[in-house]
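Paired with subunit B in one complex and with subunit C in the other, subunit A is shared by the two complexes that follow.
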Partner chain A sequence: MSGNDINRRDFMKFMGLGGVGAATLSGCDMPTTITLEEGKEKVVAYLAPEEYAIPGIGVYFASTCQQCPSGCGVHGRIREGRLLKLEGNPKALNGRGLCQMGQASVQSHYNPDRIMQPMARKGGSLQPVSWEEAWQIMGEKVSGVDQGRSAWFTGTVSGHQSKLLDALNQAWGSKEHYVYEAVNNAVGEAVNEAVLGDAVPAYRLDKAKSILSFGADFLGTWMSPVHFSREYVKFRTGDRGVLVQVEPKMSLTGANADLWVAARPGTEGVVALGVANVLLTKHQVNGNSLTKAALDLIAEYNASKVTEISGVGGDSLVRIANYLKDNSPSLVLSGESANNHANGYQNAMAIMMLNVLLGNVGKTIEASNSMAFKDLKAKRGNSRALLDFAKAIDAGKYDVVFFMGANPVYTSPSHLGFADKLAKVPFKVALSMFLDETTLAADLVLPLSSPYEEWGTTVAPYQPKNAALSMSQPLMNPLSPETKSLGDILLSMLKHHGVAGYAGYDDYYSYLRAALAGMPASVKAGKSGDEFWSASVQRGLINAPSSPGSLKIKLGDIKQPGYQANSGFPMHLVPSTNQNMYDGRNANLSWLNEAPDQVSKVFWDSWAEVHPKTAAKLGVKEGDFVKIESDQGAIETQIYIHKGVHVDVIAVPIGRGHEEYGRYAKGVGVNPLKILSPAEDAESGELASYATRVKVTKTGHSADLSRLGGSERQVGRRLVSTVAASVFRRVEGA
Partner chain B sequence: MFVSEKNLFKRPGKKAGQRSVNKSLVLLFALLTSVFFVGGAHAEVPNATPPKGTHSGEDVPQPIDFPHDIHADINGINCMYCHTYARRSKVAGIPPTSKCMGCHSIIATDKPRIQKLTEYWENNEPPEWNKVHDVPDYVHFTHEKHLQRFVFNNEGMDVANVSEVCAFCHGEVKEMTVAEKVKPLNMGFCVRCHEQNGGPSDCWKCHK
Partner chain C sequence: MSLKNILENWSDYRRTAEDGGHHDYEHMWAMAIDLNKCTGCNACSVACYAENNLPTVGKKRMMKGQGMHWLRVERYWDEPDMGGDEKEYQERGGSFLPMMCQQCNAAPCEPVCPVAATYHTPDGLNAQVYNRCIGSRYCSNNCPYRLRYFNFYSYYEESWPEPLNMQLNPDLSVRDKGVMEKCTFCVQRIRVGKDAARREGREVHDGDVITACAQTCPTEAIVFGDMMDKSSKVSKIWAAHEVELGKHEQHKSDPDLRGYRVLEGLNTDPCVTYLERVREA
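Up next is the complex of A and B:
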């Protein structure tokens, strides 16, 4: 633009004025070879379309998202026989909402790395085979297996698929079904079961006026995040509820909290006792609901002792107690970072004690609706299954193992030596959509259809309201005719095994139709079998009769261990979970790789979060590579510095660092789960994934961190109005 | 004013009788207007200035040499009888094979082209046509809105003459066998027509 005075704004004005003449459009008549081509694309008409099928106009069908275990109902937009977009089913628990993982499940469906035909191990590597050959191999290897010498290792399963799986296991005389989820709430569930008699009660965020959450990232990954996000809106609107988050590394929920408190990892229970101490002494809360022993123990945890153990200041304890007392009813939650410790059960028990003390049980914690069909209920995953399974295969307990919906070779810590133990199993079958680490270790791979190509039913593990059975129906024709649904494969196996009662069904669809037609009249609400089927498929949901349960209160021992320092490995490793990679299953979806982390804004790579003070002590700046070393190994990744981390913590998100799993996942980032120390929660036997100590050293390399947004500050632009904390406290009186 | 059939279909609570009254009105009106406005071999499109510009298209081979002339000219079949989606959707759509077979299971079954079509039909696979008229993916063109403007909401326009409106962008297809691209369909062609006929001039109307 040299020698020309027109700037951008003038140019736009000029264009606006002159836009009427053809002169300014002369460029628009230029043919472009790429865009105005003839005869290069195919256009294929329908053969004999349904009445409603109009090219260019979308139609919507209901189905169920399977991208995480929450089981959200979806509506898929279909155009020209192709699935284009998913939204939440307004009638389902998640309402109109669907999280980014669900949105990206379309990419899982269309993924170029999907397995499109069966594969069998021949001469050391997996080779494509026909289904005929696959069944033949199955017949040879599986049919002769002795009773009890086979097992299933799966992710969360529910509905009629789970029922068929049970029937198959029973026919084989094997009860062995390991249900594993790397991201789980198993310790919390164990405490709920012990105290309340209900492993998954209903958490009424909408009824609470204050929430104290110990690492429960209910807006991100905890149990049913989309449902909780909707309840959270109710919690925050009107008479605005107060949210306090206590965790070692700021999660999405923590970033939304009114008060965010960093406690030393593993001392959450001590903080809970400290808060109870303030409630009992300063606020004179009635302690009748607790035993004498519990009250005596709480009395020991005065502010100075709590601060010494947990690093949480006495003023923070008072502020938390004030919030809880002034905003009643309250709700206290325990999540991953509190539960997954060697003392996780004790942490969760102390946290539950606060609910009992504050009288929340029955108010903001209600009994779940127990499903009438017990055999359709979700089998919730935990990490003890992984440890038990590793022991069993190490002892040579199984001749045949089936894998589905879990990737233990990737998610298991290296101290388990899982891959080596797995090699001892003579015959491994993987039912999978992708060649992940576990599938590649299998001897026979059966290609699964995507959740949007198959029939099925799902029961969400979290059922706070009317219990519901969520339907899955094919939203489009399978991309490959060689893929089969889990239901179809199970049914074929049952028929092959000659199990009585299944011979009459041609496929899983006909089985489901018969199963629904056979449901009791109370479910069908007076409809005939066909009417009921149509209504179920149309709504995407079946509201099953449920009976509201009841809760007892029987608090266990709330004794807490002291804090153990470790001079060799002074820092804590937090393998954090985010609503993005989740447990690593989403690493092959480029949308989610491209979507920045909600807190650090890093994408397409791993990173390690540290506090500015820690960074200064280590002498590192953003983008520097550090070596994070535990007693089990080391990983190297780049530093991201922010204040939402405890000073003794280095947080590395899980989900990346795949050795396999397709073109988008392979070789990107690091996997912190590999360097976890062998530690279990003593009470529940769960893997204590937050209990690893590490030492961090500078490597000397540095590179730009791939991160959205270059600055943490607004640089005076006032994009978001802020007020100093001191002014806020004076005005709001906290 | 004409009522689009799409609206007739979509309006809730519309009784069947009412619809037929409207339809007969439409037909009557169409008949009247055709008397006044239609004359000679080429009917005119009222309230419209056809876009100018020509293009010399390539010969695009098709799996079946579909004769547009026999259908639209000699037998006088309305374009929208086969391209039925044009008035309801952004795309005009290639007619489904079932539509072809609706007539051709009886008509002209001895012709080699029809035998080839029947073969497709019996194999349960539609022919793969080669696209002749295409706009880039960043251009949002909708047939529906153009037909509303020039046909259904165009006073004095006879639906029977819709081929004259189609010809704005597709040329005299009824004189062709397989379609051929004879209009440039580039942005200058679109914009000049929009200026002359009062079409929207916002960028985002087409580039969204």
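Up next is the complex of A and C:
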């Protein structure tokens, strides 16, 4: 917000008009706390306090969490000008709930390793510079760049920031905007688009009576986990639906399943065909919705063939089919472990076939509403962007690249040689809050303000029914006056390039105010521009007009490869995603390092999960270090043993093993993404991150595994007691 | 609450389950946690770190069991003697159990404190007075749930490097070396709710106070409230599942009602009722 004429006092006066949220009033018998840090804050008498600022009283303001791409609405608790705690915005898609990432995002805001001023590469290393100098360097390096020789490489972006970014790219004559997310649902979206004509339809967990999920960790990391958790409760109460999870390594969703089934990585499509086979033969489900070719193919996949390829027993196939048939309507999902393979698209297509066969399309998979503000919609990330971008920079396509919200130097596999290729780009600008691996490779670093220090709008990538813009507002003064929001930086660049229509805005705040004032009268619901602005900021959400969409059903060809054994590298590497670290962005937060992994309960380090049988074969016990070697390199980490892993699998979570990224992340654990073999999904071009084969050997070293202590068994005591669903339905059923 | 008062009126503050002493309490704060809804996502635990100024202690100290997680989510694997099986794979997933101080009415930690630093409030809370605590750790030794956490070091020295310290909640203290601490049912939030009600000249309504863990829970598995208010959500859940305070064994009209208290047979009379996890087979 630098360079504008609105100071904090005015801003807060304005905010006071809104009086956002539930002000919790504490008692006058509480000790009055006046924060005054020597030399840091001005002494301002409280004789005439701001309307909202009553010492000792917390006030809540609405904003938007940006810790993962889901875009949950939050209420931030402010006391004496500081943000203290975040809660979910009850009006938003996530309701009053927030996940651990959202709770910990306040640590991102106050992180001791934040970049507090611009930096430029001088004599080989990054040195602090002033904004004047930073803009001067930008002017020299960027202004003269030819059309099409610049690109943006970002994480998920949406709202008015995305709109400004588009405008800037247009002005530069470059359409090159790579949107990359290491954790994504791109293959599933491609299949949805092909079959249903809707890349992100509404998954109605609440309407389903049974869910068969092939690796879609909707309670942990899939698309919008807090929202799905809320829907999951509706699914689990009353008549209580049945959840079956098929995957190579137990995810959080898998840990909540009624039936968890271990499948060899990449064979999920075969399991889907096997289930279809049972449905058609045993249950005589009407196959009219499928083509002759599809039915013929399904007929080939009898139990013995499916078991041979996938390792899933015939009895499990029958149980799955029974659950789906007996608990209608059902919903079949495909997620990360099914999608991210060389045959990922085919897996997702076979899984979608089950939805068609069971008649779920239109019942539990509904058309999404299309939001009227097309230019504000979320640009969803994928991993193909990484591969395409690597090719482009290798070919010397760009003179200038801007990075924001993505850390490809850390998340890219070694075989891409990303860091070396990046060196071929003459000038790299990183807009970042932290000195992560990618930011440290940049020539110019522009310090971003935190999501809780800036203005902005966000459109959640998954909000199929009630389209809305989620507002971001500064919840407190910026920790450093030298940081700027993405919106402000983009606006400055647009003005610098003399793009028509932006000269009148002093800052991004005034741009946003004007943009909202210019929204259609139907959106403003009869309010004046100022009233609408206050209401939007107060509520944290703007409902956007949307029109109902429709779904078609056009199933593509279904084919599945046979299973290929690899004697040199007999095991499958599963680079699993957990909610603590996500794609590695949370590794610099101490709370999420200390919070144990949801399933293994390991903290502050990496680990490798194997099945007891596999451990016996390898001759390892918990805590032993093993060497996990692919054709691209090796990592060493400690073993954790449990029965939630396929016997042919070794699972190492992603997110740790940073070489940089601050005191909490640097040098902790290993990064399995580095040893991925080169493989892509043939149809979608996405990175096949689950297709790597490895050889695992004992190193001989051993140490205690950093796991939440105590017994993993209840030794017969009633700590967690379990009842049968039939009992639950009888006593508490609808 | 002076020490003199406590010593003189010892029997008022030291209740046994048989007294049913809670009946004349002003409030009786309690929880109900539905394990059919709980997914084990851990949001409650991190929310507790944010609300209650819990320090992070690092890998080494965590491994020594010195983590300060007032609320931890335990995970157990199924086993045959708990209705599971010995199949090749973990077919029924995991069993998650969010564990925070159970605020026992007959708390084993209370009578062993040599300085009455832990005692029962007329709100039914098992309170810990940091200023009075001398760090004997007898209470922790006596807690059957292992839910008391001791400050072996001055964790604040390393846990909140600037500007992380700005996030600290001024509504409660940062504890120093030598002091025992544990879940308080977010007593600072209870205070705010009670004060607001008093100022408005009314009773505390159900929903006025919500703990940090319950508020953030994505599935609303944790319900918090006042057992003295018979219309509160938490009272209704306890009543529906026929779990009663002041008992070490529940006699239910239907044995299939899901409510139970962890290690109830120890006669601790905990204020947290869990509703059983549900599995298809």
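Keep this in mind: the second predicted complex is superposed on the first by the 671 of 734 C-alpha atoms of A that agree within 3 Å, B and C clash if a C-alpha of one lies under 4 Å from a C-alpha of the other, contacts with A are read in each partner's own complex, and residues count from 1 in each chain.
Going forward, a residue touches a chain if its C-beta (ideal position, glycine included) is under 8 Å from a C-beta of that chain, and two chains touch if they have at least 3 such contacts.
Note that this is a predicted model, so its numbers are computed, not measured.
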By the touch definition at the top of the document, which applies to A:54: first (subunit B), second (subunit C), both, or neither?
first
Classify the contacts of A:503 with the two partner chains as first (subunit B alone), second (subunit C alone), both, or neither.
neither
On the A-aligned overlay, A:521 touches which partner chain: subunit B = first, subunit C = second, or both, or neither?
neither
Should A:236 be classified as contacting the first partner (subunit B), the second (subunit C), both, or neither?
second
Of subunit B and subunit C, the partner touching more residues of subunit A is C
Once the two structures are fitted together, what part of subunit A is touched by subunit B and by subunit C alike?
25-26, 28-30, 35, 56
Residues of subunit A touching subunit B in their complex?
19-20, 22, 25-26, 28-32, 34-49, 54-57
Note which residues of subunit B are touching subunit A in the complex, please.
53, 57-58, 60-61, 85, 88-91, 93-98, 121, 124-132, 134-136, 181, 184-189, 191-192, 195, 201
What residues of subunit A sit close enough to touch subunit C in their complex?
24-30, 33, 35, 56, 58, 79-80, 82-88, 94-100, 102-104, 106-107, 110-112, 219-220, 225-226, 229-230, 232-233, 236-237, 240, 242, 245, 250, 252-262, 323, 479, 579-580, 590-596, 598-599, 601, 603-605, 611, 613, 642-644, 647, 663, 704, 706, 708-714, 716-725, 727-728, 730-732
Which residues, counting only subunit C, touch subunit A once they are in their complex?
35-37, 39-43, 45-47, 49-51, 56-59, 62-63, 65, 67, 69, 72-79, 81-83, 88-97, 146, 159, 161-164, 166-171, 189, 191-192, 194-196, 198-199, 212, 215-221, 254, 256-258, 260, 262-263, 274, 276-281
